[in-house]
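Which chain is which? They are A, B, C, D, E and F, in the order written, and residues in each are numbered from 1.
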Amino acid sequence: MRLLLINPNTTQTMTDLMVREAGKLLSPGTELKAVSGRFGGRYVSSRATYAIAGHAALDAYAEHGADVDAVALACFGDPALLALKEIAHQPVVGMAEASCLTAAAMGGRFAIVTGGERWGPMLREFVALMGMSERLAFVQTVAPTGADIAREPERALGLLADACRACVTEHGADSVILGGAGLAGLATRISDKVPVPLIDGLAACVRMAEHLARTGAGKAKVGSYARTPPVESVGLGKPLARLLADS
Amino acid sequence: MRLLLINPNTTQTMTDLMVREAGKLLSPGTELKAVSGRFGGRYVSSRATYAIAGHAALDAYAEHGADVDAVALACFGDPALLALKEIAHQPVVGMAEASCLTAAAMGGRFAIVTGGERWGPMLREFVALMGMSERLAFVQTVAPTGADIAREPERALGLLADACRACVTEHGADSVILGGAGLAGLATRISDKVPVPLIDGLAACVRMAEHLARTGAGKAKVGSYARTPPVESVGLGKPLARLLADS
Amino acid sequence: MRLLLINPNTTQTMTDLMVREAGKLLSPGTELKAVSGRFGGRYVSSRATYAIAGHAALDAYAEHGADVDAVALACFGDPALLALKEIAHQPVVGMAEASCLTAAAMGGRFAIVTGGERWGPMLREFVALMGMSERLAFVQTVAPTGADIAREPERALGLLADACRACVTEHGADSVILGGAGLAGLATRISDKVPVPLIDGLAACVRMAEHLARTGAGKAKVGSYARTPPVESVGLGKPLARLLADS
Amino acid sequence: MRLLLINPNTTQTMTDLMVREAGKLLSPGTELKAVSGRFGGRYVSSRATYAIAGHAALDAYAEHGADVDAVALACFGDPALLALKEIAHQPVVGMAEASCLTAAAMGGRFAIVTGGERWGPMLREFVALMGMSERLAFVQTVAPTGADIAREPERALGLLADACRACVTEHGADSVILGGAGLAGLATRISDKVPVPLIDGLAACVRMAEHLARTGAGKAKVGSYARTPPVESVGLGKPLARLLADS
Amino acid sequence: MRLLLINPNTTQTMTDLMVREAGKLLSPGTELKAVSGRFGGRYVSSRATYAIAGHAALDAYAEHGADVDAVALACFGDPALLALKEIAHQPVVGMAEASCLTAAAMGGRFAIVTGGERWGPMLREFVALMGMSERLAFVQTVAPTGADIAREPERALGLLADACRACVTEHGADSVILGGAGLAGLATRISDKVPVPLIDGLAACVRMAEHLARTGAGKAKVGSYARTPPVESVGLGKPLARLLADS
Amino acid sequence: MRLLLINPNTTQTMTDLMVREAGKLLSPGTELKAVSGRFGGRYVSSRATYAIAGHAALDAYAEHGADVDAVALACFGDPALLALKEIAHQPVVGMAEASCLTAAAMGGRFAIVTGGERWGPMLREFVALMGMSERLAFVQTVAPTGADIAREPERALGLLADACRACVTEHGADSVILGGAGLAGLATRISDKVPVPLIDGLAACVRMAEHLARTGAGKAKVGSYARTPPVESVGLGKPLARLLADS
């Protein structure tokens, strides 16, 4: 099985970190191809950089998505997730999406802990878009961005563990998601300090991508997730322009 | 990895069918142990038999759940799902739950097709309990029960394909779940007649159980899904009485 | 008029307490028959004992429900309430259900105070199943279980009054339900300490059962609350097996 | 026990009809006092006459509400229901409110059948205000108004029975409310033609008023349903002006 | 363009204040006619005075609404708003309605700050009736009523600014509405103390009325906001009686 | 007052059409500056072109947004609306947003009629994101896209009028929005064929932009719509890169 991991921001070290961590998680026989965004913010933690990252994710898919079995959109918050599901020939799953679906299976309500204070309302809106707001106990952001945390994870561990515990004791979370590309791999290091199941965003994303690839469920031929009629465009990267013109 | 599949009704041939079909789906290295309910209706398609099946599922877990890595509650509608999540030491996933979570990852809204006319409102209530009603396009039941379909699958294939297509054309479903123990394995036989992704309930359940086992997310130590204080009981099967007394 | 009160846990002293208290409430001419569960936990304050109590409630109805005019399911949280409504020939009302409907008529939002810390999320889910979450201000549990309170009510009165007042001052409740078999009769003893209408769960349940019996509204002949087609079973109590086979 | 029935429209024959029908329903020892609105539309079937009827209901309560045990607001749609609950010293229940609460206890979703085409959206909004929209299957209005039906009930019986059946077969209602002052007493005449429980609005209202009077739950001393600080007014009926000035 | 401003309470000085403030806001060429209620409470801050004010608003429209282009219902909370929309020949907008729609366009969630403690639940219910509860962050009432504030605005400014800031810091509001006839014009005096957009209720109302008048969208000819069939009445002001009889 | 109209697709003739139509609508003294997207699909009627158009809208604002009083995002569906509200120094309103807010003020539920079949679910999701789903009666798409309709409006008029009427008669709409850049100006030509208020998307957008500019409500200094901390980027247009780096 071949997976394409798209990091829709433009920081290659973040992509490299995720490739390293994902390597520990993949089933035997799964190959991972990873790409970063060609353009956009160094990291995504505002509505504007998020909107740009959506375009970058589509651009990356158009260039690299030809021969994979599933796509993992590896930016917690999942820019252009539904557009990727529409345009891709394969199953696509986002990191926040996979985390929420996995956490939901733990029972009760889940909380999300992530880096970057602007993510709070954006993630609540994302969960609402998924129709899962009833399952969301809280979104707890910590001040350092995911990029900050990736650079100095040791300094963030205590802060993150405190945030996770607060979700449980103050907001009644039955499970906690540790979300964000920059936090990949940290869940296992603090899970003993959190009294409910702790979900690692990258692990949920990669394994859910494998799960979806195995379902063999096929591409919709009608409706909102079928391919669209061809449309001309201007000023786009060639692979994306071609994908739009062919679809 | 060891999975326990609990069929909470009392029809062993249904359990055998699921074991056969699940055999085709398991990852290398996954072992499956399967048990049927000790008591209750031959099949579950009313609120009363559903309530009884919840007790039977707990009874079966108490007797057989000691040394497995995850539990698959394999009756579509998932009797006592939350009670099992509370009492079990391992992750537990129900067939309807796993199907809904998998279908959600296809994007848009999913429909459910299953056998037995009384399941309609019961499944709508189940999806509401999961907090996922916004993602549900429709529940389409066909008259034969799951047990009827398991006995004569050939006769049901056309009926089921028609029901799936109606979910798409009349109710706008972006994916369809073929749910029910008795329908295990039928999705692959009609998927070419359904223009959107078709989810097989048993496959979703077994693979989601594997996914959850791999997360290693651990048992809640506090909250609604932690083990409960010990409670005395009367008139229960010994393993269940012991499990309640120990918990 | 004849009412059947089902206490679906297995503590006869709790049933006796409710019979004593209900005696003060009944209209002239109403007779009360009361039964306890044949099997299950001594008290119900977990998801597992709740699921078992649902089976026990059906079992009790099957044995004792033949010639009554209405059924009062007298365990706050109402295990198998909808299954009883399906299978019974008479109107069935649960203690939590009757309390919520009565409190709703006070205007605004109601709170629930009950014993046993695990009831919090379970009652929130129950109210959601009733479609009345918008009317629920809060569920406040106190640490002693209903069984503890029934044994030593004097010790609990202050604790319960404090909990009721907190629902008003901190959560804006316009009325408060004092719920739980073990709390039967306590509302009148603390109502002068609570500045909003205080609803006694047992009183609401018994009087709502009388109200429903008087409507003479009849059993549904179609739909989700009509009797179901007969189904064979194994391992059940004889009256329940017969009821399923006849229905 | 003394009940005050307020008919907030200005048609005395409608009040008389309700007194006649209510006489068949009251418990031994219950006395009924009934009043019509002093001003307003002859019947209420628009948003404007509804708003005026709310004022008229308060005016009637102020004049006649002194020494009763509960108030029945007997216009289906319940103008100024929450204002009456605020201002009255006793429990107040509306005809639509009582009907919805009673129907809810039948399980599943209820439908409403009433006369006057403009009531459709108004009743959906009323049910939403009660926070019970999830329990509402449908509102089916018939063209004749309640006043028309009261004048010639025989002509309307077939129409009403057809409307009730349509709620069941087309909209999946598990019970049906026959609402409206002008329809008082008709439910018993068509209930054998409707395959689910049929709720008579007036019966639900009067009996729920008795139920609430018996709870002895008391008037809120704080919050949105407590009495308000005194307020001066101009141009109102004297009793209402006095009630506002005293409250 | 001619606007009719209806102040449905009976305090002429409040109407005069609004006329003064509105004069600063109107587009060139807009004329404003303003009327107070003929009957009802001196101010509206309870459910009872609110219900009466609804009737008074209709009465005022009937007398003064003949030749205007739009109607501004200038009591924050908008008594009988939907009835006015039904009965009026022109677009009608309420002060709370216009404020909520304007605040919504700021993005995110809005809070409401107003005078009079009883308005809290009433405004939450109003926002729910508008179907906009998801956009509402909080309703913060201050103890002085709108009438008190209108008499001594200097004393209230600090209190109001504190309340607005609390909505932002404690409840996450992205904008704040300063609502209430008595608070007209105060927003500009405290906006520099509030770190998010501050909406003045009267300004939103008057300008939204101009906006609606300009759309020229016309009166509904069918449905719930079309004129109703004529209805006889008793005891009403002559213009209102005539309007009902003609409609 | 100066408005910036952003057409985030790349068809200049569509922008020109909107400038022509907007000219008829503006208040005296309002100047309109209009820009098209620099890159992206010729028209937007899929999730992918929508995501790209969001980036293009930000890019256009960064280049042209310096000295205007409000921004009108003139693509019905409003790509990157919330990101523009975040990044802009002025009030921003989208065409679909303004239309929904204006239609809401008509009372009851509104429907949307637009061109391009893929818009149906996308617009339902947009309305949900606005938290206004309860007010939405239906989205009716017609097969020709907005671009097709703009080219040959005469051919589409009958189709559009039929679609509007269907929204009223089949889905109970109390008002209808004619949405889409390509449909600008058509509402006045069919409004006499639609029995409820008909809202022109462009008119609602431009006038709401004027309304917001007049409120002078100011930019949020905290929260989700305040400017964000500066972030570096790669591969973006210079003005947008600078705006992100400065913000």
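Throughout what follows, a residue touches a chain if its C-beta (ideal position, glycine included) is under 8 Å from a C-beta of that chain, and two chains touch if they have at least 3 such contacts.
Since the structure is predicted, the reported quantities are computational estimates derived from the model, not experimental observations.
The chain pair from C-D, A-B or B-C that repeats the A-F interface, sharing more than half of its contact pairs by residue number, is B-C.
For the touching copies chain A and chain B, the fraction of interface residue numbers used by both exceeds half; the interface is of the same-residue type. Measuring from the averaged C-alpha position of chain D to that of chain E gives a distance of 29 Å.
Chain B and chain F have Cα centroids lying 45 Å from one another. Shared contact sites, meaning residues of chain D that touch two or more other chains, fall at 82, 85-86, 108, 121, 172, 223-224. Only residues 10, 38-43, 45-52, 54-55, 58, 79-80, 82-83, 85-87, 118, 120-122, 125, 128-129, 223-224, 228, 231-236, 240, 244, 247 of chain F touch chain A when the two sit together in their complex.
Residues of chain D touching chain C in their complex: 27-28, 82, 85-86, 91, 93, 97-98, 101-102, 104-108, 130-135, 168, 172-175, 191, 195-200, 203-204, 207-208, 211-212, 214-215, 217-225.
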